[in-house]
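In what follows, structures are represented as structure tokens.
Note that subunit A is present in both complexes that follow, paired respectively with subunit B and with subunit C.
What follows is the complex of A and B.
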């Protein structure tokens, strides 16, 4: 800018300053026009399918249609209040919290364990890695259908083997107290292999020389893990935790296929609750309100965790 | 300048394309219609539907019908509603029979009376083709909104080999709840506390659970819902209390029924594998059981406590609202063809559902089939005592209000009485807006 300044000055003397500003602006616009044009197709689709839909959700959340004959009317925050007062929603939130914690911790723990065990690349480890990664490749719906058979009371694969050991055979998906944990097992089985990938990548970034120094200083395997590997993996942990939390809220295929939220809402998760409001109750207002609440919570959570991550990165 | 010319060109091209989209098929051709169909049982149904539609197109050159697979009954309702909202309703849909009332309340159905009248028949003549039990779910406010296509009733399936083993005569199946309880006790095998063979299993997952509760309640003299008005259900009643208490007793008192809520496929697998000696299931599962059971089995009426009565299940053909006249007419031709005696009978043999058209049972193929498979006859005979399937404003949530509570009882979390009081309260709340607009809207 400073280099262009002298050349621009004589022009400024002959033309009013306002016009100059406009000219400058139009020149800049002209320069960046191709870029905007190139972006246009994606912008149109983003507007149509992402921002448009989000805007629509916000609008829908403010309106209510009580019955088919009643006109749609503006109700403000009434839908949101109704959702918050619905025991099915609060139940789904509690279930989702249990589900998020109960799937994130074990699957991250397993993933770390797998990654540590298989961090060296050789033929055997490659095969084992592939085997552990396999569940990720199976679509959730197909996996759920498989597990439906595994969980069949009395005749399923699980009862066939475990049944001999237990005094009473549980009805895995039909028991009010067990169903949610049965669902969680599938999520852990499916996600642990995926998170393992991130940890494998994270382990490659552990500095070789620091490890060597630790060796020479006579640090045992536990000390190396505790004081070198785990601290180095911190960013990976944070990232995977965010992904796991998002997964806990956005993946409900297995709930849909296996239990439909039952028995008695024992496996109802927030996203499935939204589906029920929209589709079974035909109540778009309440469904949109619940979506807004979920989105707000998720965005808050993500912002918080990435901020922590940025802080830590900056601090180190 | 150059750019603006390009833009104009682009706009012109886009305009032409939009025009082409807006006015398709200017040329004369067959009327194109689409049929949404669910597959509530096995995958084979989709192939059978393909065969059926192909035959229709070959015999009706003026119409080109396409069958669109739309998932389960519930999914089909969702997809149909989405299509109606998008302004592109399908021409005909095979719709779960108890969704018709809800759809009619939402103004999503075409009243078929005028189409029937245009054929020169009366409503009575038209409905007279079908079993009387099916008419309740097809007629709303004395107008026809659906044509029964494939229907079912619940049946008692008995493993005849196991019955003989236990010293019971499978040719004299239990007829009352008392007899059934007795049979179930004799058919339950235990090793210590562990049950290795259950006497009876009744499915309870969303959808099936409500249907079984209606079955038991009706056998106990009850009604479940108001057949004449979509704003009332009778959950907190003696007839339903008796039904749920008996079901609960089978689980927790007699311990002859698996605890918890067991979905339909788990129940049928359990029967096929010999783990449950008796089950209650839809007639729609009959073909599956016939093909897979490696033992002698018997089917019987659902036993009674007060009276013999069961609800119907299955689906009707409907025409969504908002269709152009020519497609409406073409859809009507398809519907009449699909529900004719021959096609009805063919579909029944392929699927295991019974044929709603009474004349179907007079066709030679069907007479021969029934003499070979007498178990298929039981379902038809039970139709004499069959009643309509519950249908209310917001059928699915109102049903779920009951199912959630029943599941709590079967899990030992609640007593039947308190569960039914809670179910009634929840259902009344769901029905409230409709009542406010109808029964409680006073001058």
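What follows is the complex of A and C.
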């Protein structure tokens, strides 16, 4: 390689500049060709189902059909305005925010408790970890089938064992004020074990000698948690929060199986609203507009979290 | 108390007298038991005879006259063998195509220099940000246009390329010493031969980690197959179970629902209990999925 270079240089320098640029470009392209061919299969599917889909959402959000068979016509921002004016959509956004906060905080808190309690590896802890992890593996639909009975009024598991303590038995899934919280219980049950894994991995990074020094200085368990463990787990917290937020938007299978968004939209979440618009009302324009708004919000959120992560890495 | 002391015997000496960690541990044990109750109920209710009546349905003590009637009913009402076959086809099909696409792309990112590498890297990264589940509406129109509505291929296609898998394989390939490849190069091995005989065999742990994540996540997919599939005989397990549950709920056949749910989740649970360590470590790497 090094032998050929000195000979090639003078020839290239004497060529006209534009030709040189073209030549260099085509040479680079030729050198890159094998890589492009290897990337092609992935890029084709990404182009169809990620970038293409993204473009399609934008275009579809700008058009509307009067009836399912009628030709499309350009309506500009009408779909987006219609979605924003739809109380079912704004209700779903509010529900989704409540649902996101109400599932993320308890499941992350529980995950931290589990990880701290089970951080040392021994036979008992392994069994407990497996028990807490089991719900992560099963389909949301299967979890919903089990919880349908747990929440069943009067004869269900919850009423049978705990309901006796209450003066009035609530209808867990049928009551407008309770249904969303019942749905959140399932999500917490299903996800806490997953987040526990990340905290277990994060705890490995807590330096042993610092912990020892803290014991010797007489720092109690809360002080060690507050001043050593939690600061060390900051990246894990950030990461798990992003995943929990994404899950709060994308996991809606239990809404479909258990409540179909009811009673009167009390458990309607954004993705279920999109599904309803597309499949039940055949309104692709509105469904696309709602998708677009959700994607914009999510991308803003991920960009923000990436930036804070990058800042932290650069700063420390 | 003796038992708890034994569990904490490897804790640092200075902390063995502390009470808070023990309370935390006790709380975790309590919650782990609560976490298992839905599974316990599923097992007990599956074996409970219908003659025990609806009021005993929630009882967690197993029935004295266990029966397999519920399993038989679920087997007859729901078309579970067919659903299981469809789910198996979907998961295998996705995984096989993914293996090809992520190996090739992962190799390109790990070992080749090319123009626009950073740009293409970000193009892949975009898939992680635009969660595929959210793009169900445009992807459904595309699948319909390709003539793949109501086909298993239509269910599989959006997942054929995987940014997560590509990054995982890139990481695995970068860890392989270049000397091995140089030796093969001197022996005249072509690009594909080098990938096939050096990179792939040495990256088996990463492939199996990816396989676990890919199969469990597509085994559990629901909304997307629900939209694409119309014919009852093409339903995967999740869609089949939701239809089955809706039917059985009407007749209050909770024992049958428990049996059907058990059939759907048993394969995953058994595999998990056998390969527990593998599963846990794979799920830790799956964070960026």
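Convention: the second predicted complex is superposed on the first by the 301 of 316 C-alpha atoms of A that agree within 3 Å, B and C clash if a C-alpha of one lies under 4 Å from a C-alpha of the other, contacts with A are read in each partner's own complex, and residues count from 1 in each chain.
What we mean here is this: a contact is a pair of C-beta atoms (placed from the backbone, for glycine too) under 8 Å apart; a residue touches a chain by one contact, two chains touch by 3 or more.
A quick note: this is a predicted structure, and the numbers were derived from the prediction, not measured.
In the superposed pair of complexes, A:76 makes contact with neither subunit B nor subunit C. By the document's definition of touching, of the two partners only subunit B reaches A:175; subunit C does not. By the document's definition of touching, neither partner reaches A:109: not subunit B, not subunit C.
For subunit A, the partner touching the most residues, choosing from subunit B and subunit C, is C.
In the superposition on chain A, contact is made by A:53 with subunit C only, not with subunit B. In the superposition on chain A, A:300 contacts neither subunit B nor subunit C.
In the superposition on chain A, A:264 makes contact with subunit B only, not with subunit C.
By the touch criterion defined above, A:291 lies against subunit C but remains apart from subunit B after alignment on the C-alpha atoms of chain A. Contacts of A:207 after superposition: neither subunit B nor subunit C is touched. In the superposed model, A:231 lies in contact with neither subunit B nor subunit C.
Residue overlap on subunit A between the subunit B contacts of one complex and the subunit C contacts of the other covers 148, 152, 155, 279. Subunit A makes touch with subunit B in their complex at residues 66-70, 148, 152-155, 167-169, 171, 173-177, 259-265, 279-282.
Listed in rising order, the residues of subunit A touching subunit C in the complex are 28-29, 31-32, 34-36, 38-39, 41-46, 48-54, 56-57, 60, 110, 113-114, 116-118, 120, 122, 124, 126, 128-150, 152, 155-157, 159-161, 189, 193-194, 197-198, 200-201, 211-212, 215-216, 218, 220-222, 239, 243, 246, 249-250, 252-253, 256-257, 271, 274-275, 278-279, 284, 287-288, 291, 294-295, 298-299, 302. Note for the complex: subunit B touches subunit A at residues 74, 78, 81, 105-107, 192-195, 198, 204-206, 258-263, 265-266, 269-270, 273, 275, 394, 396-397, 400, 403-405, 407-408, 410-411, 413, 430, 433-434, 436-437. By the touch criterion stated above, subunit C contacts subunit A in their complex at residues 7, 10-12, 14-15, 18, 20-21, 24-25, 27-29, 31-33, 35-39, 41-42, 45, 54-55, 57-60, 100-102, 104-105, 107-108, 112-117, 120, 123-124, 126-127, 129-142, 157-158, 160-163, 166, 191, 216, 219-220, 222-223, 226-227, 237-239, 241-242, 245-246, 249, 254, 257-258, 260-261, 264-265, 268-269, 272-273, 276, 279-280, 283-284, 287.
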